[in-house]
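Next, two complexes with chain A in common: one pairs it with chain B, the other with chain C.
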Partner chain A sequence: MKHRNVGIIGVGQTVHSSHREDVNQPELIHEAVTAALADAGMTMADVDCVVHGNMELFEMIHQPDMWHVIGDGAYGKPGIRVTTGGTTGATLVCAADALVASGLHDIVLAIGFEKLQEGHTTGGITNMADPLWGREIQTGALTGMTADAMIEEFGEERAKKAAMKHRVIMDKHAMKNPYAHRRFGFTDEMIPAMIANTPPLVGDLTIVHMCSQSDGACAMIFAAEHVVKKLGKKAAWIQDHVTVHREETFNLFGNHTEVSTMRYAATKLFGRNGITDPRKQIGVFEMYDPSSWWGLDWTREFLLLSGDEHLKMVENGDIGIDGSFPINPSGGVVASNPIGATAMVRVAEAALQIRGLAGERQVKRDFDLALASGFGGTLWTVLVLLAKNPPVSEEAQS
Partner chain B sequence: MTKRAAICAVAQTSYERDKWYIRHQGMVWEVVEQLLKSTGLDYAEDTGIGQIVTVSDDLFDGRTISDAAVTDAVGAHFRAEEKVSQDGAMAVYYALSLILSGHTDLVLIVGHCKESQPGSRRLVTHLAFDPFFTRPVGLDYVGAAGLQAQAYHAKTGLKAEQLADVVVRARKNAAKNPQIKDLPAVTAADVLASPMLADPIRELMMYPVTDAAVGMIVASEERAKKLTDKPVWITGVGCCYDSFFLGDRDLTSNFALKNAAKRAYAMAGGDGADVYELSDMYAYQMPLWAEGLGLCGAGEGAKWLAAGGPDKKNVNLAGGTLAGAPMILGGLTRVIEAALQLRGEAGARQVRGAKRAVAHGSTGPAGQHHTVVALANEGGR
Partner chain C sequence: MTDAKQELITLPQILSIPQRFATGPIMGRFLRELRDNKRIMANVCPKCGRFQLPAREVCAICRVPVTDFVEVGPEGVIQSFDLVYYASPDPLTGKARKAPYTTTNVLLDGVKGEDTLWHLLNETDPKKIKRGMRVRAVFNEVRTGSMHDIKYFEII
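Right after this comes the complex of A and B.
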């Protein structure tokens, strides 16, 4: 059982963009930190600990938290740097949760950032593979395999239409999000032309399906239950989270089909939180969707669906902001992807939804639970469940 | 605090200049295998190892997501793994928070680094400096340490000869640690004649290039009692950042270390220990950090050395990081050595009856971030 409850009471993010040439890294982070502190109604003097993370090789800064102290306010404070690739942002949330729930710190500031303009993202990902075993064939998140599999399972026309409709829904959401990087103004009528005309990246993964490379930062303030109560702030409570990694070569245990890390994580998380019907019990899902194909495929995995239920959800518009199970009212990762911040933005957006502060992208219905996922590494998953009401804790029971 | 966590087992590979014969994964597995054997733990879904904290560095490993390279070796396939990209002592800090939070009751910590692999350690740490103001000057961690050492010599009257003795002592002590390989004894004259790296730091006054992997099992009180009869309790942790630009700092004030120590001692219910393990990557850091940890007064490090302080206070009896530990694992190797002392397993360097220990780690240029971990065995809790 959780020792102490942890509430998210501050969220700040920068405008995500392909080129934030007007700011350097500490300045970019400073924007997000300032916004998060303003949301929480506090100053750095109130913060007890700073958690920092990104993908260090992408900008080629060694131990970047050292330099970033001049922008993140960590001077004189305890601080920790935790990274896990693309999942980093969600891992920072888990770390902040542990630091507060443990009683070690009462108020923790977590910062995820990336300035991809200053590096070579795919170059960075490519050297992830083992130099002796297949670095030359590593393509990072650029893979057409899911598109292939879905076309095989559901037929070319239906699969391609569903993936593109998914993309269009995400863009419609992004149009409501002033922080989103890519806001195209796609409409349903454009789907046939988009399928026919967008240039391929790998197989049937086209450039429009794929997430962007963005510059951006996200900061969040986590506080112990007694602090939240004292401040009288509306919080999104961290109900639970699950992290699931997998080995990197995808063939260490032979070729047998395994359950995906997404389904495994969801089964575990839902099982221990009494969630039997996720689409009814959870109000909104902020999913780390690196491409529309993955966003579509993983909807089935995360929601423990079978058959073509996930395709129907897209075809019927269920995943739209006004649908029965909104996914990514923020526009998701295909709209904005500052990698070290990306998974944190998912949790931050889910927290804004719980707190009713998501502005034009606020889901209008009332709900008690929100879900957020992170993706990274070799199909690693972090799944975070947020709640409107504080869960049971040892502290509350004693 | 009602809940507690303990180090239940520790493991380390040998420390060598160039482990050309083994890869990262091999070093890591050597450590994991030792830990599984000594604790009887496995990876069973609900009762085995489910939470892993790794320590490594993308730039030293020359690849992105350096922890992904060891996912299989640490057993993180369909388990949780999180990488602390900082001095390894922070992995202990983080593991403690994971256990006290109630999220898990068992954490495997594994760190790895092969400093022999990048062409130059100084090239890696050069990249820690901001590209606008400090990197064009050519700064790296050795250069930053040189500036700090200059300031410290000027402030305390510390002599190069005293630091030569620190190096001689470190190597003598290292000879009592069977895990440290290829580290010949040196004389003070050797140290003073070794090439100048960053005035006043000479080559032998800096820790040698080192390859190693290390690890430990940290568990809740309930689990710890089942895993070992010699638990080492983590009684206090503290850490702190200093400012980034060297000109913004008083390089000899120990601002961050004093704060880190204050926090750890407050949590542990007092300072004072039977054994101290400092991350002295450069010889001058032994007296400087000793001041920061309260082993002697501010500005009295040189006097403390002259009075035989390191031996009186049982500081770095295994040679410290000056005897060779990969930089990013420095603090973690100190926690492991302190744990060995408190388990009575420190061999020829054992302090009889040691009950409490303090271990220290540092990250960044000229000690920008410090971590202090206070430990105690059953006798010292």
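Right after this comes the complex of A and C.
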């Protein structure tokens, strides 16, 4: 049980784009922070602590939390810097949650940011590989291995159609999201031509399947329950979260027996929160989908499905915003990917859904729970469960 | 705010840092065997018996030191492969890689466990590469004590 409940009462994000040469890094962050403060109805004077996160290897700006103070308002305030690779944004949420739940701070501002156009995304990720073994071989986060495995399991035609339909659904969602980077206007009719004509990056992973390289920032305000009540704000409550790491190598593909970190995290999270039927009990899922192949494959893992149930969910349009289990009404990571912010945007979008503030991309049905995932490292997973109502806490019971 | 007529100046920079990484006695032994004897040596967990490639100081599952080495390969089976068309920069040189190239995870003969050896495959025709194919390591004539003492794997 939590010591104190933590509510998300402010969300701000920039428009994610490949063209933000109009602002420098602190200016970009400032946009998100200003929007989050406005959403929470407060100023920097109310904020007790600032948590900052991104991945230094993209922009090669060291101590970015120091250089960004001018934009993030952290001057004179306690701060922590978080940098856990792709999961950074989700870890920022976990850190802010811990800082408030523990009683250390009442109001915490967390910021995830990246300006990928100022570095080289794939070169940067390649440089993350073990310096003794792998930098010469790795190609960033690009791999066709999931596509290959899915084609083998479900046949080339069905697998390729499902992956591309997944991509089209994400784009339809992105068209409803004014903050999304890539908004193409894809339609179902385009699927055969997209399969035939999109340039490949690696194997059957094409440029359209893969996530974007974006400039963008996201800021969120976390507050203790008594603050939320005092302010009378509508909050998305942090029900629970699970972080799962995996061995630090990327070569455990031999006699494969390992459970994926996605399935492991979901089993643990659902188990301790009484979720026996995630598709019924959870209203919306913001998944960190680095590519449509992974988004499709991981749907089976996160929802603890077997066989081809995840393919059917895509083929039947169940994951669409008006479907029975909407995934990524925001358009997901394939639409917008400012990496240090990306996993935070998942939680932020889930929080907007819980609070009913997602605008045109709001899921219409009523629901109590929303799920968000982060991905990074050697297939690490962070899974965050948000609730409409405050969970039971030690503080509330005393 | 930005004036529509204002020129937006960006500052291009290229970073280049010479670096030198210590390999330690375990990885060092692995690299020495490649360089001096053209042998691929996995180290074997004394507790669970799994083989580690490249050799690692401890078994992360059993949390015990792993000091015993066993020769594996140099032949094995393609467990997975990535045929890369995208010419990304090599972080060791800063230059764009020559695409296409193929990377592969090879399950070497004699290995017990999940560890594959991750390396290059000298074939870029998708029609000629399949999972399960047998391959062998080809060593460089001049070897320096790096993973690139193996030049690549070739299909047998």
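The rule is simple: the second predicted complex is superposed on the first by the 391 of 398 C-alpha atoms of A that agree within 3 Å, B and C clash if a C-alpha of one lies under 4 Å from a C-alpha of the other, contacts with A are read in each partner's own complex, and residues count from 1 in each chain.
The working rule: contacts are C-beta pairs under 8 Å (C-beta built on N, C-alpha and C of every residue); 3 or more make two chains touch, one makes a residue touch a chain.
Treat the numbers as computed from the prediction; the structure is a model and nothing was measured.
In the superposed pair of complexes, A:200 makes contact with chain C only, with no contact to chain B.
When the shared chain is aligned, no partner comes close enough to touch A:234: not chain B, not chain C. By the touch criterion defined above, A:158 reaches neither chain B nor chain C. Taking chain B and chain C in turn and counting the residues of chain A each one touches, the greater count comes from B.
Looking at the shared chain after the overlay, A:279 reaches neither chain B nor chain C.
Look at A:176: by the touch rule set out above, it reaches neither chain B nor chain C.
In the superposed pair of complexes, A:2 makes contact with chain B only, with no contact to chain C.
Residue contacts after overlaying the shared chain place A:122 against chain C, while chain B stays out of touching range.
In the superposition on chain A, contact of A:21 is made with chain C only, not with chain B. In the superposed model, A:248 lies in contact with both chain B and chain C. Common to the chain B and chain C contact sets on chain A are residues 60, 127, 131, 247-249, 252-253. Only residues 1, 3, 57-59, 62-65, 67-69, 71-72, 76-86, 90, 93-94, 96-103, 124-130, 132, 237-245, 255-256, 259-260, 263, 363-365, 368-369 of chain B touch chain A when the two sit together in their complex. Across the interface of their complex, chain B is touched by residues 1-4, 24, 50, 53, 55-58, 60-70, 74-85, 91, 94-95, 97-104, 124-125, 127-128, 130-131, 242-249, 252-253, 261, 264, 376-378, 393-394 of chain A.
Here chain C touches chain A in the complex through residues 2, 8, 10, 15, 19, 21, 23, 27, 31, 53-54, 56, 60-61, 79-86, 88-92, 97, 103, 105, 107, 111, 113-120, 126, 131, 147-148, going by the rule given at the top.
Partner chain C is touched in their complex by these residues of chain A: 21-22, 60, 120, 122-123, 126-127, 131-140, 142-145, 148-149, 152, 199-203, 247-258.
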